[in-house]
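Listed after this line are the structures, all set down as structure tokens.
First chain A sits with chain B, and in the next complex the same chain sits with chain C.
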Partner chain A sequence: MAIRRGRGVAAINYPTGMNLGGDPTQALVHSTPTGNFMVTLSSVDLGQGMKQIMAQICAETIGVPTDHVVVDTADTDTGPHCMGTFASRGTHRAGNAVIQAAKEARQVMLEVAAEELEVNASDLETDGQGNILVKGAPQKSISIFDVALSAHFKRGRSISGRGMFLIPRSYPEKETGAMKPSTCYAHACTVAEVEVDDETGEVTVLTVKNVFEIGRALNPKMVEQQLVGGSWMGISHALYETTEPYYPNRDHGGTDFNQYLMPGPGDLAETEIIVLERPSADGPYGAKGPGEMCANPQIPAVANAVFDAVGVRIDTLPITPERILRALKAQAAN
Partner chain B sequence: MELRKSYFADVRKDDLHEIGQPRPRSDSPGHVTGKTAYFADHNFPGMLHLKMVRSPHHHARIRSIDTSEAEKHPGVVRVLTARDVPHNVYTILILIQIGPEDETVLADGKVRWKGEAVVAVLAETERAAQEAAAKVKVDYEVLPAVFDMEEALKPGAPIVNEYHGQNYYLYDSGECRKVRFGDVEAGFAEADHVLEQSYQSSPIEHAPTETTGCVVMPEGNDRFTCYTNTQAMFFTLDNTSIILQMPGSKLHFVGGTVGGGFGGKVDVIVEPIAILGAKLTGRPVSFIYSREEEMQISSPRAAEKVVIKDGVMKDGRIVARKVTGYTDAGAYSRHSPYGAQKGAGHYPGPYTIPNVWIDTYCVYTNRTPSSAMRGFGVTIGDFALEVQMDKLARLIGMDPLEFRFINAYRDGDMKAHRQPTEGAALIECMQEASRAANWPVAEKFMAMSSYKKGA
Partner chain C sequence: MAKVPVQFTLNGSEKAEFVESGTTLLNTLRDKIGDTSPKGGCQQGTCGACSVIVDGELRLSCLTLAETCNGVAITTTSGLAEGGVLHPLQRAFLDTFATQCGFCTPGMIMAAKVLLDHTPNPSREDVVEALSGNICRCTGYEPIIQAVLTAARANSQNAA
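Up next is the complex of A and B:
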């Protein structure tokens, strides 16, 4: 009886969005009298940070600091339609809608600034700090604060914009299955190292090295939190989680966190996250949806590592100590 | 986390002000200090609490329901049965024309899974609602149940859901969603080795910190404000409008700040019945799942069975792949017909294979209906595919990572569902994994690229 070590690899891709259902999301953007910007949505922030990322996308597009943008979501009386936050679609679909709305608002903002500065709007640029400058003559400038005041109280202009992003529904062809299930794909490759105790069947995940290609890390800290969390969830799926431990038998289902097991702080693997960026052609600033795919490759990587360690295949999830011991017993009997 | 900028350096840029910056999240201080308001922070005077009477049987006919004792219980304000629900038989994907309507808000004549909602009790306190729910008498005639997908698909199996008439979802393509590409049998005939393996998973819970729920306030203007943690605001509003036969203009949904979803909050379950309760009593109503309900009543990730048959050459090329996928929907469709179909669009994985045959089935059994979960239609398929890849590599005596390079899809490659590959990056992920994990592969693989061949 011994602790045996193994490693396994898995490589995957993952589609962004729900093309097979039709995939629309809308956004509205308007300025306040003092040049802050309000993004109005009905998209849902599940805790992943959707509000923050929409604020950054709006800020980038209009050319203001992110803390000049407020995101109002989700209220069906004020926010325009969003299909929902699922299918790795939130950032991609709502982000594109926000860009379109912000571009329209930016154009009005530049037109008002042009009138104030008596130049052409096409000769203006933003400095990203809250000012609009004449290209090549930055000493000639006006603050966005003053532009918004002028629009509201002098020029009678609404600095606002409408955004709509729609992926029309793809209907699979009946006989061949020809379809367009996604607009872009995120990618991953994970290598997991495990130790398996061949006396108890217990698996310890020592390290997971995850390489994720996600189009563009719009906010690197936030994408890190999602990728690390996803990596944990993948390990949890591989080794711990089910509501029906003896499926298809319905007995022994957990009803609380004492019975429904997941890895705790003492079970965390040393986790490495490496991000590659191949900007997607249709993503907001090149982003793809990494929310779901980041929890997938760890499952087969751990399964393959268990085989590498003890030479038995567990093809049924989760890979519990009981299943490993039964397989080892069967292997010894042969 | 490290960003490796050497890959795709010709197309990636660092020319932006706000994007690409690690700005602190504006909502973090509220989350970590307990100041963020979630739906359950709405607490109104006179608010009623809703509790469900649930089926103790996997499959049974309801002979009769007697609510008289429950109605007399102190604190009980109203008891709801199927008769109170205007459009009781519904299905959520009807909004995108995926029918038939196959599920009841409150059971009518039958229950099809253990835990199914039968009677709703509204009372002044949670405790009174719970106690009164225990006093509802339901007379059941227990029927044979089926739990195993293969058993369910056999002729003569008990029919789980009469609205379908058979124990699988009927697509326009027939009993399964199909993908056909090349000639898979010719591929197997030409292969040096053929390997067929079967993979299985069990249902998995989303386990969000915040359980599913909503709080409904009847407003003075004849409208209803529903504070909810749904993942899809209008999807829920529009379905509620159908179920309650109430114009959408009467409904106001407020949400957007959710304590974890993972796909578990895209079903429309708590809102319609809570709004109905508020309408019939004129009082605010709270309906929040207990942890036990979240674990065993709310939809889990479907159990799946995946059978993969591959033809592989000694040199490492996969020449044929046949995948048969089974998704255990439980008793009702919810989002499962979509998930099974999404699986058909995902197989055979990120590999270029000339001959592919895919069948994905959505199967009904007498268990908690499954629905969407992070990686819907793909997660379990990837487990099966990538374990299969490991087995194939060992079968032909090849390094598992090198074996994947040989088959990896690249820009321009035609996929089985007849879309040319665009924006591929699998090869680069594997190259970086090779370096990071000190798992060396032959130089020719490290020199590969996802870019169009010859470009």
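Up next is the complex of A and C:
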């Protein structure tokens, strides 16, 4: 009986969004009378930071500071249609819709500014600080504040735009069944090192090293935060969490946080995160969906590390001490 | 059922309420007084989201009866900022991205504050021990541990 050490590797390919019959998200953007911009969505911020990302995308497209944008989400009665925040689709689908809406709003904004400055709208540019300038003659400028006032009170224009992003339905090929569930894919690779006590079946994850390829990181600190939390969650899925330990038998399922186990702050593996940015062709400013895929590769990596350590292959999650001991017993009997 | 009078100070200001016997401190703070910074997670003392500070000690407000709180001094996360300036723990949680959905954050900050009040220069093990009664779904804990250590360093630099 001994503590045995093992190392496992796993790589994954994860779709951004899914496609069950066309996958649309719509967005509306409009300016207030003082030149702030509202983004209206039905998409939900679950805490991953979608509001911040949509504000950045809108601000970048219109050419204003991010804090000039307010994002109003998640009233599905009154907001433009969204399929929902799931399948890691929020940034990609809603982001593309916001870009389209913001481009239309920007065009109206430039047209109003052009009338005020008596120039051609195509000769104007934004400085990102809340002003519109004549290209090559920046001394000739107008603030977006004044443009919005003019639009509302003088010119009778609505500085607004409509955005629509639709991944059309993909039908399976009759011969092969092949279809296109998504238009872009994130990737990850994890190496996990574990110790397995072959007397108790207990697994300790020592280190987990992850590389994530997530398109463009639109907010690098928030991406890192998501990936660190996701890596922990992957280990939690691999070794701890289940509502149905004897599925399909419902008995012995956890009923509260005393019984539903997750690793606490004292059970953390040494975690390394590396981000690779390969902008996606159809992503908003190159983004993909890092949401769910970041909690996936740890699971097969830990399973492979357990195999490397004690030579048993556990194919049911979570990899509990009981399952390891039963597998060791079966192995010894053979 | 007869209502029971209860008086305590909340973040330095005096509060007096009539509550039904058996009402938890959590529900009194949230529903009667309107301080929604303590969160109702599990309502059975296993998640730590409802943590508040009662007379300097960490307490689970979902397991504390309001009528036992006569004369005590209660601190919640909503009382930490002074004059619009965030408490060093709040600043550190922001700066180290130690919060995602935010539901566990007030309880984490309460647990961390009691730790730093008693142990201004904690080790990592001290921080882990102090946070062990609070659960978090999003962060993986490491950013929270780093936030508490960052706040402790900021405090000791200010004191020096």
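The rule is simple: the second predicted complex is superposed on the first by the 325 of 334 C-alpha atoms of A that agree within 3 Å, B and C clash if a C-alpha of one lies under 4 Å from a C-alpha of the other, contacts with A are read in each partner's own complex, and residues count from 1 in each chain.
FYI, contacts are C-beta pairs under 8 Å (C-beta built on N, C-alpha and C of every residue); 3 or more make two chains touch, one makes a residue touch a chain.
On a predicted model such as this, the values are computed, not experimentally measured, just so you know.
In the superposition on chain A, contact of A:Gly264 is made with chain C only, not with chain B. Look at A:Ser160: by the touch rule set out above, it reaches neither chain B nor chain C.
When both complexes are overlaid on chain A, the residue A:Gly47 reaches chain B and chain C alike. Shared-chain residue A:Thr16: touches no atom of chain B or chain C. Of the two partners, chain B and chain C, it is B that touches more residues of chain A. When the shared chain is aligned, chain B and chain C each come close enough to touch A:Asp256.
Of the two partner chains placed by the overlay, only chain C lies in contact with A:Gly229; chain B stays clear of it. In the superposed pair of complexes, A:Cys184 makes contact with chain B only, with no contact to chain C.
In the superposed model, A:Lys221 makes contact with both chain B and chain C. On chain A, the surface patch touched by chain B in one complex and by chain C in the other comprises residues 46-47, 49, 221-222, 224, 228, 230, 233, 256-257, 262.
Interface residues of chain A, counted against chain B in their complex, comprise 7-15, 18, 20-22, 41-47, 49, 51-52, 55-57, 59-60, 63, 65-67, 73-77, 79, 81-87, 128, 169, 172, 174-182, 184-185, 187-191, 209, 211-213, 215-224, 227-228, 230, 233, 237-238, 241-245, 247-250, 253-257, 260, 262, 272-281, 285-286, 291-293, 295-297, 299-301, 303-304, 307, 313, 315-318. By the touch criterion given at the top, residues 42, 44, 46-47, 97, 100-103, 127-129, 131-132, 135, 137-145 of chain C touch chain A in their complex. Here chain B touches chain A in the complex through residues 1-5, 7-8, 11-12, 16-27, 31, 58, 93, 96, 98, 114, 147-149, 172-174, 177-181, 197-205, 207, 230-235, 237, 251-263, 266, 291-292, 295-296, 300, 303, 328, 338, 341-342, 344-346, 349-350, 358, 365, 367-368, 372, 374-376, 378-380, 382-387, 389-391, 400-401, 404, 408-409, 416-419, 422-426, 428-430, 432-433, 436-437, 439, 450, going by the rule given at the top.
Those residues of chain A lying in contact with chain C across their complex are 46-49, 221-222, 224-226, 228-233, 256-258, 262, 264-266, 268, 271.
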